[in-house]
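Two complexes, one shared chain (chain A), two partners (chain B, chain C).
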Partner chain A sequence: MTREHIIVCQFDENLLGRLHKKRLVVNTSADANIPHICQFVNNNQNNLHCIVIHQNNTLASTPFHENWRGIPIAVFADQMGSFKEIMQKMRLIRDLNIRIFLNTDFKENFTNIHILASLGIDCGVFFGENNLDWEALNDLMTYSVYSKAHHATIEPFHFIINNYNPTRTTDFSSVYFNNPYTYLHIDSEENIAITKNDLIEGKYIASGINLIPDISENEKYKEALHSWQEFFLQENGCAFCQAWRVCMGKFSTSIKDNPGCSKFFVDMMEAADYFLSVQHKNKRKELWQP
Partner chain B sequence: MATIIFKPTEKCNSNCIYCDVVTRKKPKTMSLDLLEHIFKNIDEYLKSKPKEHIQLIWHGGEPLLLGEDYFLKAIEFQEKYCPETKNRIDHAIQSNLTLLNENYLKIFRSMGINQIGTSFEPLPNMRGPGPNRDSAFYNSRFMKGINMLEKNNFGWGFIYVVTKKSLERPLDIFFYLSNLKPTGGFMLNPVLIYGNDKHDIAMTQEEYADFLGAIFPYWWKHRDRYPHVNPFKMFVENIIENKRTTGCEDTGNCAYGHVYLGPNGEASQCGRAGDWDIISYGNIKERSLIEIMQDKQREQFIERNNILLQGECKNCPIWEFCHGGCPLDSYIKNKNFMHRTNRCEGKKLFLEKYFLPITGARL
Partner chain C sequence: MANILLTQQCVRSCPYCFAKKHMADSIPDDILTWDNLIYIADLMEHSNEMGVSLLGGEPTLHPHFVDFVLYLLERRFHVNVFTSGIMGEKMFNECERVLGKISPDRLSFVCNVNNPEKSSFSELENVRRFLKTFGHLSTVGFNIYKHDFNLDFIFQYVNEFGLRRHLRLGLAHPIPGQHNIYVHIDKMKLMAERLISYLPVFERLKIKAGFDCGFPLCIFTEEQIGKLFKHNSGRLSFGCGPAIDIGPDMTVWGCFPLSNTHKRSIYEFDSMNDIRNFYRDLHQKVRTEVSGIFGDCDDCIYREENLCMGGCLAHSYNHFINEANIRFKEIYK
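Right, the complex of A and B next:
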């Protein structure tokens, strides 16, 4: 089966000029000219899926602008920075087609995300390099799924809840543009990789944008689709975990030092089951009509 | 529908710890002449029963060791000798998948097969080739097999054989198996040992009941996640939903429904009876399939139902979906078929200790 992949790349006019009729995720920095990127992508008969802004400074220092309106944007920032500055831009941020991700390495971000979501800003966590605070993540998930107070979505919980099927696996790596069924990463030399990290580390599956349409026949690509099975060839570990179907071994390397992942994802599955049951209940409820 | 457990080869590329066919017997493979003869017999049988179907379950050993050409020959013989009855021959296959390739799948598709039964074991050195059972090699080939099946839209289901080695980790094993196939479709079967338990893998019925019991509370709570796990699903259907669904061992009507055909044409009641050389219905080289299916010895399995209902199973609340269990299990213990099996005790124990208190159901 041929899949029309979304291509993830840096903003490189030369590279983008060689891509046609593709859906694109364009990585850039906070000082980039966002409307220009959007216009450039669309002028080359490509379709902009999202612009990903990697903010090396705080979220508060991001130059949110009126002319970003309507452009799909994800901002990845380590820290939030001055809350006062954020509040000054709140009305604009709320109106943008934007999702803000903060790094789990900084403990205060769990609270920050909670606040942002409660203020109506769609947001999410991205997983840093330090040991994750699973309890804080669980609290945030509980708020995201169960809270009856009105709030915006929080990733990856929102994705899991909305894509959860109790009898299948739910791979939330799409939230971070790393699901090989949906995304392929390429660099300026047209090297193709499954994830952003693979691209950085030179783990390419192919080279040449002309190979993208037939990538599903590529042996390394096929291997990547089945790489989850490596867990099933080990004598212990993630394949024996009840939370596998929503985690799929994403935290296998840190589990020895920080073993809270299983409990978190078990709770996540319970939340997803709960959400499904509520949906079913609501479906059955038929109110009289005037 | 009559079912032929068809074992054209006893050869196997795996040395599974719970199977001694390969070591006990000198594995043989059916000749093409005999294969041809069998299709002539199937045609004759189906012509004598114009409304009946035959399910031909390719079994082994490992049937894929026969090679692609062998299956092509079977198709050729079916076309040649069964032109009017071929639409009433339903093929099925059990394989360990380790030798599967795309050619096989094309052949199976042309035989009308769209799903394959298999078995799997996550614990190390239980299945695999060689004296040490190279499970790493076996499992990686197995994974390639299931990838190929899924890519080609073949269904698959599997059996997990519960042994003494499984008893320490019931939930781990359950999670592993259900993670391997989240859509479900597996069966937790107790190991069957006929003869010496040289690997110390047999367990008591109580241990098997407790193994199931360690999983059941979780399964019951989350049964929407794991809908097709047996024997749990089967118990729910029979006891709570009042449907009658059983495996062949509990149907109580295998007498005239099953036949085993081995590599030399030897006929018996079923795969286990054939493997253990317990019942002989002669040889298809000398008797027709019609004669084999009507063998007088089969009467004893009808008679067994009557004897059990009057005696050991009288007033048993699970009779309707147990029927005293598999006659072969009775034979292992008593050297005759006319008793209920000791698996009855395991079933009852599981139901009384776990199933009924947890579900609130009544027998």
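Right, the complex of A and C next:
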């Protein structure tokens, strides 16, 4: 089956001019002209899936603007910055079609995400390079899934519980635009990669926009789709973990220095099971219709 | 309205302080965390209680005080802050810049003041600076801890700084088993007389005096009650009910003088109502054992009809200090 991929690329007018009838995720910086990007993408017969703003400064210094309304946006920032500055923009942020991601390398971000979600801002964590505080992540997940208080969604927990199927794997890479079933990454030279990191590191699977429609026939692409099977060839590898179906070995390289992933993902699965049972319980009877 | 303690530290050491025992037993560096604040806010919202009081110690000593206020306002809580008005330059400037323009419908302060004659110069300067800036958001609170108190300086504050024309009168209460200064039972009628002597000034200046908890009805004569009734447009309260306090360590208790008895974890309860009902039941048990602060409380029809609660429960607890454990067992937990 041919799959229509969403293409992830930098905002490069030249490259975008060569892409037609594609759904696009456009990476850009905080000082970019967001409405212009949106307009440019749509004028080229492409569909904007999302604009990803990589904020090198704090979240508070992001120039949120009224003219961002309606544009799907994800902001990735290392730190939140001044709470007071965020509060001044709170009403606007809440009205935007936006999801905010903060870096797990900064311990205070677990609390910051807790604050933002409780104020109705959809948000999430993105995993940094340092050892992850699994306990803090678990607390945040518990709040996200179990808290009866009104709050916005927190990724990747929200994705997992909404896509969880006890009989299948649930790959939350999509939250970070890295799931090869859905996303392909491409640079200005039309090099195609499975993930953003692969693209940066030059691990391309193909080169050329014209190859995208038939990418499912590409051997390297097929390999990437089945790369998870490698875990079954390792003795006591991640595939033998109770939480494999949700984690799928994403933390295999750090597990030695920073164990705790298994416990977290087991709890995550329990939460997903719980959510599923609640949904099942609340499911309304569907009466036959004449 | 629940009281959230942001910190256990205070900038003053008032002789009557009925939070003294609680403060002394607490870890001074213990401050409320963001995660705990969110938990409390969630619990209150879930309980449909959208008013919250922030106190301490001195709440402005909390490093995130302003952020906490902004957060709670953003969640549509009405925020009331109990403060001494004494704070450092940096915190004051931050409060002025961020909180100064917030509508009185959403934010209010109760500035607890002491007699200037008993206060240091720098303390007074701080209080005056606070009232000058936040007068429009502030009500003055005064704790009576001796029968011959003086309110003249409060009238001066209200006029000079354009404060809300309301005085919140608290009564210092005993801490069971401890030594603090409070108005002794046999001096309460004198205290009531003193208070009534100020009524003409209250009326002339159009300032209303409202009672905090623990004032017994019978310390006032029939004539004095009549005057108070007219002064407060019929709104008189001689109650003593659980005022739920939540500590930075997420313990809860039924009011400050009773903070060393029956502390519970907030996580034991599902709603604010659960907490309130727990302490209401407990207080009821104490009142079954000791009706009120006076011997006559046992047969008082006003107490039976809940017009008066028989004064502060802390006095009743004092009865249990030097006796064998012969009361309801729940009282001793």
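What we mean here is this: the second predicted complex is superposed on the first by the 283 of 290 C-alpha atoms of A that agree within 3 Å, B and C clash if a C-alpha of one lies under 4 Å from a C-alpha of the other, contacts with A are read in each partner's own complex, and residues count from 1 in each chain.
Convention: a contact is a pair of C-beta atoms (placed from the backbone, for glycine too) under 8 Å apart; a residue touches a chain by one contact, two chains touch by 3 or more.
Predicted model, so just to flag it, every value in this text is computed and none were measured.
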Partners on chain A (chain B, chain C) - clash or fit: fit
Which of chain B and chain C A:K84 touches, first, second, both or neither: second
Partner chain in contact with A:D139 - chain B first, chain C second, else both or neither: second
Partner chain(s) touched by A:Q229 [first = chain B, second = chain C, both, neither]: first
First (chain B), second (chain C), both or neither touched by A:I115: second
Touching partner for A:S147 - first (chain B), second (chain C), both, neither: second
Per-pair minimum CA distance [chain C against chain B, superposed on A] in Å: 28
Chain B and chain C contact sites that coincide on chain A, given as residue numbers: none
Contact set on chain A toward chain C in their complex: 83-84, 87, 90, 111, 114-115, 118-119, 139, 147-150
Contact set on chain C toward chain A in their complex: 33-35, 38, 41-43, 45-46, 64, 66-67, 70-71, 74-75, 98
Chain B to chain A touching residues, read off their complex: 122-124, 136, 139-140, 143, 147, 169, 171-173, 175-176, 179-180, 182-184, 218, 222, 224-227
Residue ranges of chain A in contact with chain B within the complex: 166-169, 226, 229, 232-233, 235, 239-242, 244-245, 269, 273
